[in-house]
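Two complexes come next, and they have one chain in common, chain A, joined by chain B in the first and chain C in the second.
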Partner chain A sequence: MKKLKLLIFILSIFLLTGCWNYNELNDLALISGISIDKDEEGFIVNYMISNSSKSESKSNSNETSTILYEGRGSTISKATENINQKLPKIPYLSHVEVIVISEEVAKNDMLKAMDFLLRNPESRKEIYLLVSKDVKAKDTLSILTPLESFPSDNIKSNITSSTNEIATTSTIKYSEFLAELIQRGIDPTLGVIEVEGNIERGQNQESNDNARQDAIIKLTSSAIFKNEKLVYITTQDESTAIDILNKKLQNIYIETECNNEKIVTYITSIDAKTKVKIENNKPKVTIDVKGDGSLIEVNCKVNLEDSKIIEEIQQQVEEKLKTFLYQGINICKKYKTDTFGFGNKIYKVNPKYWKSIEEKWNDELLPQLDVEIKISIDLYSKGSLNQSIKEEIK
Partner chain B sequence: MKKVDNKIEDIFNYIKQINGNSPDITTRIVKIDKKRVGYIFLQSVSSDDKISDFLVKSLNLDYKFDTTNFFTNLFTNLQNSISNSNLKVVQTNEDLFYYLASGFTIIVTDYETKVICVETKTNLDRGVTEASTETVIRGPKDSFTENHMINMGLIRKRIKDPNLWFDEFKIGRRTQTKVDVIYLKDVVDMEKINKIKDKLSTIDIDGILDSGYIRQFITGKKTYFFPKLLSTERPDIVCTNLLDGKIVILIENSPFALVIPTVFVDFLHSAEDDYQIPLNVSLTRILRFISLIITIITPAFYIAMTTYDIKLIPSHLLISLAAQRRGVPFPTAVEVILLLVIFEILRESDLRSPSKMGASISIVGALVLGDAAVSAGIVSPIAVIIVAITSVSGLIFSDIDMVNSIRIWRLVFLIFGTVLGFVGIVAACIILTTRLASIETLGTPYLAPISPFNLKDQVYGIFKKSKMSTTKRPNYLHTINKTRGSK
Partner chain C sequence: MKERISSLQIGAITWNLVLSAYIGIVPTILFYKLKQDSWLAVLLTFILGIVIVCTYLYIWEKMPDKNIFQKINCIFGNKIGAIINFFITITNIFMTVIYCYSMINFITSQYLIKTPNTFIIIIFAIPVVYLITQKLEVIGRVFFIFWIMSLLLFLMTFIGLIFQLDFNNLLPILENGINPVIQGSLLIMPYTSFILFLFLSIPKNAIIDKEKVNKRVLIFYSLAFFSMFTGVIFITATLSGDLAKIYQFVEYQVLKRVALIGFIERVESTLSMRWILYIFATTIMGLYFTKKYIIHSFKIKKHEKLIISMIAVISLLLSNWIFPNNTIANKIVMNIIPYILYIFYLLLPIIIAIGLKLKTKKVKR
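Then we have the complex of A and B:
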C-alpha cells in the first residue's frame, strides 16, 4: 500500500506536469533578426530565420544561409500573425539579435513597436535596436556578407567592433533604450544603420563572390530621440561626440595642423565625468574629459624631442577635441533633447529643484544651459619613431 | 558425533560410500613392523610427489612399536620426519572429508579411533600475476590470486606487525570457504570488528564462491545502486586501508578483498594516488570528480537545454544544433536513450567476448553505429558527441559496480530532465544526494568526510597532502590509535 502510494505520487509528477514548455529544436524557427517597416496600409514585419536548411550546408558552399518571412497587418501583432500563417514552424523569439526599425516608424510609432516587443515573454531584452536611414528596415536585414553567415551576425559584429575599437558610432540595447525612455530627464539615442551601394545586388549571393561587395552595411551615425519620437539623425562626427560624452566610446583620432601638414593623435581611455551644480537657481554643467594620447602619424617637420613642441601639440589636440565635443552639445540644444541626461543628474542632485523646473526643462532651460567642457589629454607615446620620418631621414 | 572406525577397511568404505565412490579417491595399505597402516587421499587435490617423497618414505622406516602405543608413536615419528607440512590428529567423520578435499592425506591404523591428517596439497593456483582491473603506471604490480595462503602472505609481507590479526571463519555449508577478517588490533575500533563477526557468523548458505557473496551479506537486504564496499585485487590498496584503520575481508578462492567501511570518495581514488606528487593527485581527483558529474548529468543537461531552456544556448551554437537536428525522426530524449543503450550493449558485449572478437566489435561500434547512423539521419552528430562524452567519463572508474550504478542514475537524471527540464535535474540531484547521504556502513556515513564535514579528514577526500602532513588516521573511522607516527 505504501509502495502504491509512492508510485502514484511519482507518476503524478511525470503525468500531471505534462512536459510544459517542451519544444523540440526541429519544430522551431529560430529568428535572429526582426525588421519593422510601415507603409500606407500598416506595418510590415520581417522575420529573419537562421535555421533554414541552407544553414546546414558547409561554410564553403555558395548558398545564402538566411531566409526572410514577411507579414503585413494594421498592427504589429497582426503582421506577426500573418507571418505565423506562412511559417511552417513555431517562431522562436529568444534569440533575436537585432531589431531594425525604419525611420518612419521611429518617428511616429516607436511606442507601438516597444509595447509589442516588451509584452512578448519570450523575447530577450538584450537585443540591439537600430534605426535604418534612407532604406527600408527589411533591406538592411537582407544584405549578405562573405564574412559572417547571417546578415544579423554581420550587423551584430559590426556593432560590437564599432563600439569597442574605432570611433564611429555606439549602439544601444533594447533594455537600455527602454530604461532611458522611462527615466526622467533623459532622452534615448539609437544607432543608425545605412546601406551603401546597390541594395538589390547586395541581396544576391553572387555579390559575395566579387572581391568588392555590391552593398555593405554601415553604422556611422546616431538617431536622437525626444521622448519616444525620433527628431534628428546626426552626422558621424556629432554621433562620435555624443558617444564620448555619454562614456560609450573611449577612443578617437584627432587631426591637428602643423606647417600645413597633419599630425594625427590617437586618444584612448577617454573618461568623461559630468558634474551638475545649481548656482543662483540656475543649473550649471561641467564635464571633465580625461584621456591618454599617442602620436600615430606625424607628417610635418617638427622636433618631437622638444618637450615644448609636445606641449604645443597637446594643447592643439585638447582645443580640437573641445570644439569637436561641443558639436554634440549644440545638437542637443538645437533639438531640445536631453541626450546626455543632464536633467536626470539634476534630479539626482536636487529632486526638489528638478520638480520645479521639470515642466520647462526641455524647451526653455536646456537650450540655454551653461555647459563647460574641461579637457586634459596626456600625450605619453610617440610610437616607435622618436622623430618625424623627415627628421629621421635627414 | 560418530567416532572414527578403527578398522582400516571400514574407514575406507565409509569415505567411498559418502562420496559415491568417487574416481579420485586413492587408498593404499602398507605394513610397518607387520602392522597394517592405511592411507587415503584425493588424487585431484593432492600432490603425488609430496605423498611419495615425504609421507610414504617416512612410513616405510623400520619401526618397532608396541601395539598399544602404535598410534602415538606413529604420530610422533611422522612429526619428527615430516617437518614442512601440516600434521593433525582428527576425531570426527565430518572433518574427515573436509581435510581430504583440502588436499590432506589421511593415515589410518587398526588400533585407534583417531586418524592422522598430513597436508599434501597440490598447487592448483595460477601464480601471483599483475593486477588486471586496477592497473597502475607506477607502484607495485602484484595482485591477489585464488590461493588463500598466498593472499595472506601478500599482506603479511607488507605489514610485519604482530598486531596484524587474521580472524578466520569457515562459511558455506558445502563449500566450507575460509573467510578472514583482517585488521590492526591496536588501531581498529573493536566494535566494528564485533559487528562484522556477528554478521559473518549469521551467514547460512550452501556456498561462498567469491567476495561478492560476502559483500551482499554485509551490506544487507536494502538495495542501493552504489557499491557500499570497495573490492580490490591489489594488496597495496588493502594495506593502505589497513593502515588507515579499516577492516579487510579476504575470502578463499577469490582474488578480490573487501574493504570495510568504504566511503564514496574512495571510489574516486586510484591505487597509485599515494605514490605520486600530491598536488598532481589532487588535480587528478578533481578531474575524476568532474567526470563523475559529467557522466551522470550530461545527457539530461543536453535534453533539458535543447527542449526547455533553449534561450540559454548561445545563438551560434543553437543554430548549429538546430541544423544538426534537422531531419532526425526521433525526439531528442529517444535519440539519446537509443545511443546510450547501444553503447551499453557494446560495452557489455566487449566485456563478455573473447579478446579476439574485440576488434570486430569496435569496428561495428565506431563505424556502423556511430558514423553510419549519423549519415543515415537516424541520430544527430551532437547526440553522438554527448553520448561519447558521457560514456568516456563514466569509464574513469575502475570499480564495475560503480560504473553500473552511475549508468542507472544517468537514466534517472535523463528521465527527470526530459519530463521536467532543469527543475527535474535539480530534483534528481536532491534525490541522489539524499540517497547517498542516507547510506552508512557500520556507522560510517557514506559521504564522509565531506558530509559530515571534517576539515582535517579532507586529505582523505579530494585534496591530497604530502605524507609528511598526513599524520592522522581518518577521523570518521574512530580508530583507537589516531596517529600514524610516534606522536
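Then we have the complex of A and C:
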C-alpha cells in the first residue's frame, strides 16, 4: 500500500505540474494589434506581432520591432488560417490591445468581425475597437513612432490621452461596443483613426530619426452606427458633443467672443444627466449638463473683478456649449441613429410604451424627438491671474 | 469506529452544494429566460428553497440514527424501498455526471482548449478517489477549508466588480410579468436546493453538535444564496440582461473585464477555482451518497473502497460521453432533468416526511 501511495505521489508530480499541450513563450507570436480590411475577394486580416526576434535583439536598434503578417480569405477565420500558414510561431490573441476595422467592413460586415472575436476564448474582450478613415486599416498599424515601441501601444496611448486630457474622441472597448449593439434602443459609436502624412515613409524606421515625423496617427472623430452598420463619420466637434452627452468625455475648451477677441474657458467635470418623459403619448428628453469652468485665456480688455462680467461670460459659455452640444443631437437625428440611447431609457422606464413605438423609433420618432439641453456651468477659477492683462495695461 | 462530522462542516458542505450549479447551469437558465429579471428568480428560489430545506431537515430529525436508505426501507418496506433507493441513487449519479460535464465543458471551452477531456477527468478523479475513500470527518474538514477558500475568492470577485456596476441595467423590472420569474425559479430550484437531499445519507446522530445543525444549515444556505444573488445582480448591472444572455459562462466573461487594484488581472481565474471547489464538493457528496447506498443495499464489507473508487472513475468518465454537444446538454438541463428531480427530490421527500410522521406517531402510541 505504501508503495502504491508513493507511486501515485510520484505520478502526481508529473501530472499536476503542467498543462497538456503547453506552449513556451518563445513558441508564441504575441499579437498586439489586428486590422480587418476587405476587398472584392474577401477579408484581409493583419496581425501585428510584438515579440518578433527583431524586438528581442537590442543590437539592431534601427530595425522595426514589430512585424505585420497578412492573410486573406472568404471569412475572417479563413484569413487568420492563411496567416497561421505563414507564421513560424503559434498566434496568441490574449495580448491584443487594438483592433482596427476599415470603413468598408464597418459598413457591411461588422457582425462577422464581432462574432469571430467574441467566440474566441483567448481574446480578452477589453480591446480598443477603432474604424480607420480614408486609409486601409492595416496602414494604421504600420505607422511607427519614436515614443512607443509598438504602433498598437501608440494607438492605445493616443486613445487614453484623447479621452482623459484633450476632448477629442472617446474610447470604445470591444465589450462596450457589443453591449450597445445588443441592447434595445441604442446604437453604438466607435472612435475613428486617421493617418496624417506619408504612409509609406511613416512605415520606415528612419522616419523616427527625424525631428518631424513623416506620418502620424490621430484620433479625430466618431463612427456612428445604425444597428450594426456604419452610417456616418462625424467631424471632431460633432464627435466631442456626442461623447459629452454620452458621459464619455468630461473636459472641453469653449471659446467665447469679447470685444472682437476671444476668451477661452476650460470646462471640466462635465456631467450629463438624461431624463425621458412621456408627455401626450410622445417622448420628451431633457439633458442637464453641469460642469466647472475656469478661464484659461483672456485676450480682451475686460474687468474680471466685476461679478457681473463673470456672470456674462458664464452665460456666453453656457450658450456656446448648448449650441455645441445640439450639433451632436442634430447629426443623430439626421442619420436616424440613437447614439444617446434615448430609446433604451424609454424601454427601461416604460417597456410597454417602448414596445408600441419600437418599430418606428429610429425612422419616424427619433428625427422628431423633442430634446431640451439645460446647461449649468460654475465658472469658479481665473487661473493664476485675477485680472486680464489688457485691463491692467494703461 | 463511527463516522463523525461537526455542524460547522455540514454548513460548509451546504455552501458548496448550493453553489455548485451557480456558474455553469443557473446563469444559463436564468439569463436565457429572464435577462435582467434573473435576480428576482434567485430571490424567489431562496424563499421557496427554505421550505424544501426545512422538509429535508424534518426527515433528518426523525429516526436520527438511520440514513435515508434505511428510513425509506422502514416506511415503504424492503421491496419497494429497494426500488426507490435504487432510483434515487441512479438520479444522484446522473446529477453528479451532469455537474462534472458542465465543469469540464467550461474548462475545455474557456482555457484548456487543446487539452483532451479525458486528461482533465483523470486529474480531477485523483483527489476525488482519494477523498471518497476517507472517513466522513476528513471529508468534512476538506469542505470547511473549501468554504474558507471560496469565501475569500468570492470577496475578490465582489471587490473587483463593485466599481463597474450600473444599476440602470436592472431596469425594466418584471418586463414580462411575474410568470417567467416563477418559471425560472422553479427551473433552478432543483439545481440549487434539491441538491441538499444528499445530506440525508448522513445519519443525524453522526453530527457531533446536532442541536446546532439545523440553524447552521439555514445560515450557510442563506449565505450561499446571498453569494448567488450578488453574482447575478453584479452580472446584470455590469453587462445588462441582453448581453448576459448571449454568453455561455457569463460571470467568467464579466470578470475578464476586471483588474483588481488597477493591475491584478486574470481575476476570472478565481471564479474558475471557486467552481472547481464547488463541483469537487458536490461530486464527493454524490459519491458518498452512492457509497452509503452500496453499503446499505449490498451489505458490502470488503473491497468497499475499491468499488466506490471504480464508481467514481466511471461516473467522471461518463461525464465526457453523456452529451454529444452543448446544445443538447442545455436542452436536457432545462427541459428534462428538473422534472426528474421534482419527482425524486421533492415529491418523494414529502411522502417520506409524511410517512415518518405517521410512523413516529404510531411508535408514540
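Definition applied: the second predicted complex is superposed on the first by the 376 of 394 C-alpha atoms of A that agree within 3 Å, B and C clash if a C-alpha of one lies under 4 Å from a C-alpha of the other, contacts with A are read in each partner's own complex, and residues count from 1 in each chain.
In the analysis below, contacts are C-beta pairs under 8 Å (C-beta built on N, C-alpha and C of every residue); 3 or more make two chains touch, one makes a residue touch a chain.
The structure displayed is predicted, hence computed values, not measured ones.
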| item | value |
| --- | --- |
| Touched partner set for A:227, first chain B, second chain C, both or neither | neither |
| Chain B versus chain C as contact partner of A:259, first or second or both or neither | neither |
| Partner chain in contact with A:50 - chain B first, chain C second, else both or neither | first |
| Contacts of A:74 with chain B and chain C, given as first, second, both or neither | neither |
| Partner chain(s) touched by A:315 [first = chain B, second = chain C, both, neither] | neither |
| Contacts of A:28 with chain B and chain C, given as first, second, both or neither | first |
| Overlapping contact positions on chain A, where the chain C interface meets the chain B interface | 19, 21, 122, 124 |
| Complex contact set, residues of chain C against chain A | 109-116, 119, 122-123, 126, 168, 171-172, 175, 239-240, 242-243, 246, 253, 256-257 |
| Parts of chain B lying in touch with chain A, wherever the complex brings them together | 306-308, 310-311, 315-316, 318-319, 321-328, 331-332, 415, 418-421 |
| Chain A to chain C touching residues, read off their complex | 8, 12, 15-16, 19-21, 118, 121-122, 124-126, 175, 178-179, 182-184, 347-351 |
| Sites on chain A touched by chain B in the complex | 13-14, 17, 19, 21-26, 28, 30, 32, 50-51, 53, 55-56, 92, 94-95, 97, 122, 124, 150, 153 |
